[in-house]
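Data first, discussion second: the structure below is written as structure tokens.
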Amino acid sequence: MKNITATSAKAKNTATLLITCPDKKGIVAAIADFLYQHNANILHADQHQDAENNLFLMRVEWDLEGFSFNPAHFSQHFAEVSNRFNMEWQLKLSQKPLRVAIMVSQYDHCLADLLHRHKNGELMCDIPLIISNHHDTEALAKFYGVDFHYIAVTKDNKVEAEAQQFSLFAKYEIDLIVLARYMQILSPDFVARYPKQIINIHHSFLPAFIGAKPYHRAFERGVKLIGATSHYVSEVLDEGPIIEQGIDRISHRDQVEDLIQKGRDLERVVLSKAVRWHIESRILLYANKTVIFD
Amino acid sequence: MKNITATSAKAKNTATLLITCPDKKGIVAAIADFLYQHNANILHADQHQDAENNLFLMRVEWDLEGFSFNPAHFSQHFAEVSNRFNMEWQLKLSQKPLRVAIMVSQYDHCLADLLHRHKNGELMCDIPLIISNHHDTEALAKFYGVDFHYIAVTKDNKVEAEAQQFSLFAKYEIDLIVLARYMQILSPDFVARYPKQIINIHHSFLPAFIGAKPYHRAFERGVKLIGATSHYVSEVLDEGPIIEQGIDRISHRDQVEDLIQKGRDLERVVLSKAVRWHIESRILLYANKTVIFD
Amino acid sequence: MKNITATSAKAKNTATLLITCPDKKGIVAAIADFLYQHNANILHADQHQDAENNLFLMRVEWDLEGFSFNPAHFSQHFAEVSNRFNMEWQLKLSQKPLRVAIMVSQYDHCLADLLHRHKNGELMCDIPLIISNHHDTEALAKFYGVDFHYIAVTKDNKVEAEAQQFSLFAKYEIDLIVLARYMQILSPDFVARYPKQIINIHHSFLPAFIGAKPYHRAFERGVKLIGATSHYVSEVLDEGPIIEQGIDRISHRDQVEDLIQKGRDLERVVLSKAVRWHIESRILLYANKTVIFD
Amino acid sequence: MKNITATSAKAKNTATLLITCPDKKGIVAAIADFLYQHNANILHADQHQDAENNLFLMRVEWDLEGFSFNPAHFSQHFAEVSNRFNMEWQLKLSQKPLRVAIMVSQYDHCLADLLHRHKNGELMCDIPLIISNHHDTEALAKFYGVDFHYIAVTKDNKVEAEAQQFSLFAKYEIDLIVLARYMQILSPDFVARYPKQIINIHHSFLPAFIGAKPYHRAFERGVKLIGATSHYVSEVLDEGPIIEQGIDRISHRDQVEDLIQKGRDLERVVLSKAVRWHIESRILLYANKTVIFD
């Protein structure tokens, strides 16, 4: 398959800085001055202020060509500014792509979509690992050249199964876990180990139809629009920070099967956007909400 | 103001028949034959079958020009077919427009919208009555030539206030009550008196954010889309059959005030569609759901 | 891969009748009576009247279980009704799925999408043949078990190349040709041979940006929404009857590459809907327009 | 009518700076430093870089409470920064609202919408003047307390009519002219006098259906979506920079009248957004395109 953006992607050598701190006069001046002093060529900058929580949030991406120091030493150079404003920050280098694991059960539409987008250059990450509690997607994984691990999950073996999963995440040095219609509830321990590192797709317009069988319940309630929601997984089921939502129109002519079919198109788009925004460092989290710098 | 469709509207002389009955072979043949025998010129016909509930639902509209009998005697002519298939039916004549009352509190955007659409010929009904528990919309009512009645509602006078309302509905021969952001909860007695005759606009994507202050709760939850829902009022708050829903996209940049503002545009469109479909006999109800023949 | 709807699909044994004729009283009565007399169990019926062109259009689907004659003899049984009303009609049996060929150049997103939907049971047709003027999609075709034929197309060999294509269509008994981002203009001879049997996806909101490089031109014009359009191919480029259109919102932050990326999601959905509606006999054509019975 | 946001609006005392200049390192640092030195409390900042045209564009809004100098003297204080980077800039003070004239023919839906939004506090501008070539909207203007001037326009009196219009714009000190379905083509002289100061609503998804009767042509072409476009008026008809676009879905059941009715809802929303963004200094223009800082 032709990798459309591979050339430009490989050529890209940028740093992306995400910052959260209490809002205060002079923050932008301090950051902009720091970057200017070190000869950063800013490509994109975006910021947000939350008055209610008195928070300042920023994303800035610059070309590393001509930048005055090795970004590996960013921490020490940035310490003075960072300390002055009490910043939480993270730096992401385009040449160190995130490593993503995908967990899936038997429905393969989100998985097939993510793998195809990745191959076509839409997702600038590595996808070295697929874990499933079914064998259905093994051929697909093989076609795209991704390691596939089958781990059965039952009521009785959950602890062991998750232990196996953790060990695979460690072995493959995974940064992000994508639940691409993985029909198992993760243990609190699992969730706690990977904070802000697990993205799920829920097949409803949250907070409507939390929990199981949302399309069936949407059908029963007689809604006129169905939705899908991608979100970070937190300790409470389907209550984590929402990243993206999409909807489609339905009518009385649509049966549950039609809702499921229409829903698949929503799930694909809504999940792939969340993954792309995460790996491109476009998401900041606060107060159980997301800021998306798109 | 120019009434764009007045001429064609006045010229229109049609009958619209809505039918619900158990599904059975031969229903369409029987209805089509009945209409053909009486020389009906069918303009639109639409039907729906619900396999799960074994129901047949139909809407058919025909030109009364050349129809072989006075539609006032429809009941006796149609009795044989109707009895054979155990039909529930209603007949609506375009020359007998429904009479609509609008109830409103201080937010006037839905009211202003409905009155403007009515004046412009989009809503083929009469709107003789506006009832409000505030004086804010009195000037608007006067501008559009609609009788305005102020009825204060407090915790203590609810029974008397509703009695006054019932008496106005009777006096004005009201067929449909539209709650155009009327911020009072109707008593069970009120709701029971006007079954399938009260349409409300709820400012969320139901069933998310049932109850009060939905925009505030949507803001807190961090959703990426907000919605509005028009529905028939039933005994349980915000649980009646949904007629129409709309959504709009929001981002982290939107404050509660922005949600409220964007929501107003949704509410206007979503409520006006529900009113139009109702007065044009496009809605059939079953199993707490609506079939919309649009 | 799990074929979600395979069981129900195989069990399905229905006939779908599409009718176009001059509008006249008694048509529905005649058709409904015909079906009732022959013990048809109607599952869906939908009709449309076009007053301007005095046309009646109908789609009716019934269960063949219990139907009183072999649908292979439909023509002779239906002749009296058909002649009386001067009908054009076509009958489609669910157990004789259409045979579809897909033509594609190097962009594989629509192809991958159609093959995946087909495998998952969303598209009730056979897909025995893929033709491409590039080798890029050969592995994908092989993965899904579809015959792949490479036919180079140059300025000089167009006639020979199309002759090869025609011969493949004949050999594989193709009913429908889907241009899934096939970047070659078909000759008038090609188009004339397969009337109403070629579906194309154009990557703009037609009639805006007819012709080449629509995303680049959309970017230059500064539009705020981009679109995609699926349509039947007719003799004039991008002027055939439109089947479906979709749009997505863009902003000044989107570069041409972003438009192309967002466009891919539109193209997938808009093309797959057109293919599905065609193979389910949901489309009627008149006056260079489509009626979609969905 | 209750003016929902009046209190907060009156309290608001901010300055908004719009900047366009060639892109160069250090711009943000210089602006941020300038604002910090003068004790500006930044409320919102947004920027955009256009690589192709090597342009930097920025919008920044700050609270004037505590700002170190009178914004009337902004030009001299900002001169050094502005000259260094070769900036074009404009400063807008919230306490000096723009003065808007609305021109309208007989269709009043956009006018009614703008006046209602203004009254409810959605549009922070003054609307002192309505000009029409029909008398239809006079009562509406009066209801909302806006001066109404009737100026007939014929083939023969166009120059005189426009002269009258210019003199009214001068008298009322108009900053922005909104064509709210004004069905007359402005002369080149008119357009040249008010560059980037005239906003029009076109009832199609431009660039499709440029010119007259777009809904009729959309109907004939058989499109599945209709649109509306708000744009600045430039010398070439319907070719000015696009500000906002909206679409709605239609089907074969929709007649031209239905397209017109659905279109009215689009036009209202799309025009009012353009007006709001203009008066809130959210729009920057370059290369016949708009950047919207929303």
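Think of it as A, B, C and D in the order they're written, each chain with its own count starting at 1.
One rule holds in what follows: a residue touches a chain if its C-beta (ideal position, glycine included) is under 8 Å from a C-beta of that chain, and two chains touch if they have at least 3 such contacts.
Please read all numbers here as calculations on a predicted model, not as lab measurements.
S.K.: Could you find the chain whose CA centre sits the greatest distance from that of chain A?
M.R.: B
S.K.: Pick same or different for copies chain C and chain D, depending on whether their interface residues overlap by over half.
M.R.: same
S.K.: Which one of A-C, C-D or B-D makes the same contacts as A-B, at least in over half of the residue pairs?
M.R.: Over half of the A-B contact pairs recur in C-D.
S.K.: Roughly how far is chain A from chain D, centre to centre by C-alpha average, rounded to an integer in Å?
M.R.: 37
S.K.: Using mean CA coordinates as chain centres, what's the chain C-chain D distance in Å?
M.R.: Their C-alpha centroids are separated by 42 Å.
S.K.: Of all the residues in chain A, which ones touch at least 2 other chains?
M.R.: Only 253 qualify.
S.K.: What residues on chain B touch chain C, complex-wise?
M.R.: It comes out as residues 25-26, 28-29, 32-33, 35-36, 39-47, 49, 249.
S.K.: Using the touch definition from the top, list the residues of chain D that touch chain C in their complex.
M.R.: 48, 205-209, 221-225, 227, 241-247, 251-253, 287-292
S.K.: What does chain C use to touch chain A in their complex?
M.R.: Its residues touching chain A are 1-2, 4-5, 8, 106-109, 112, 116, 120, 122, 136-137, 139-140, 143, 253, 257, 261, 265, 269, 294.
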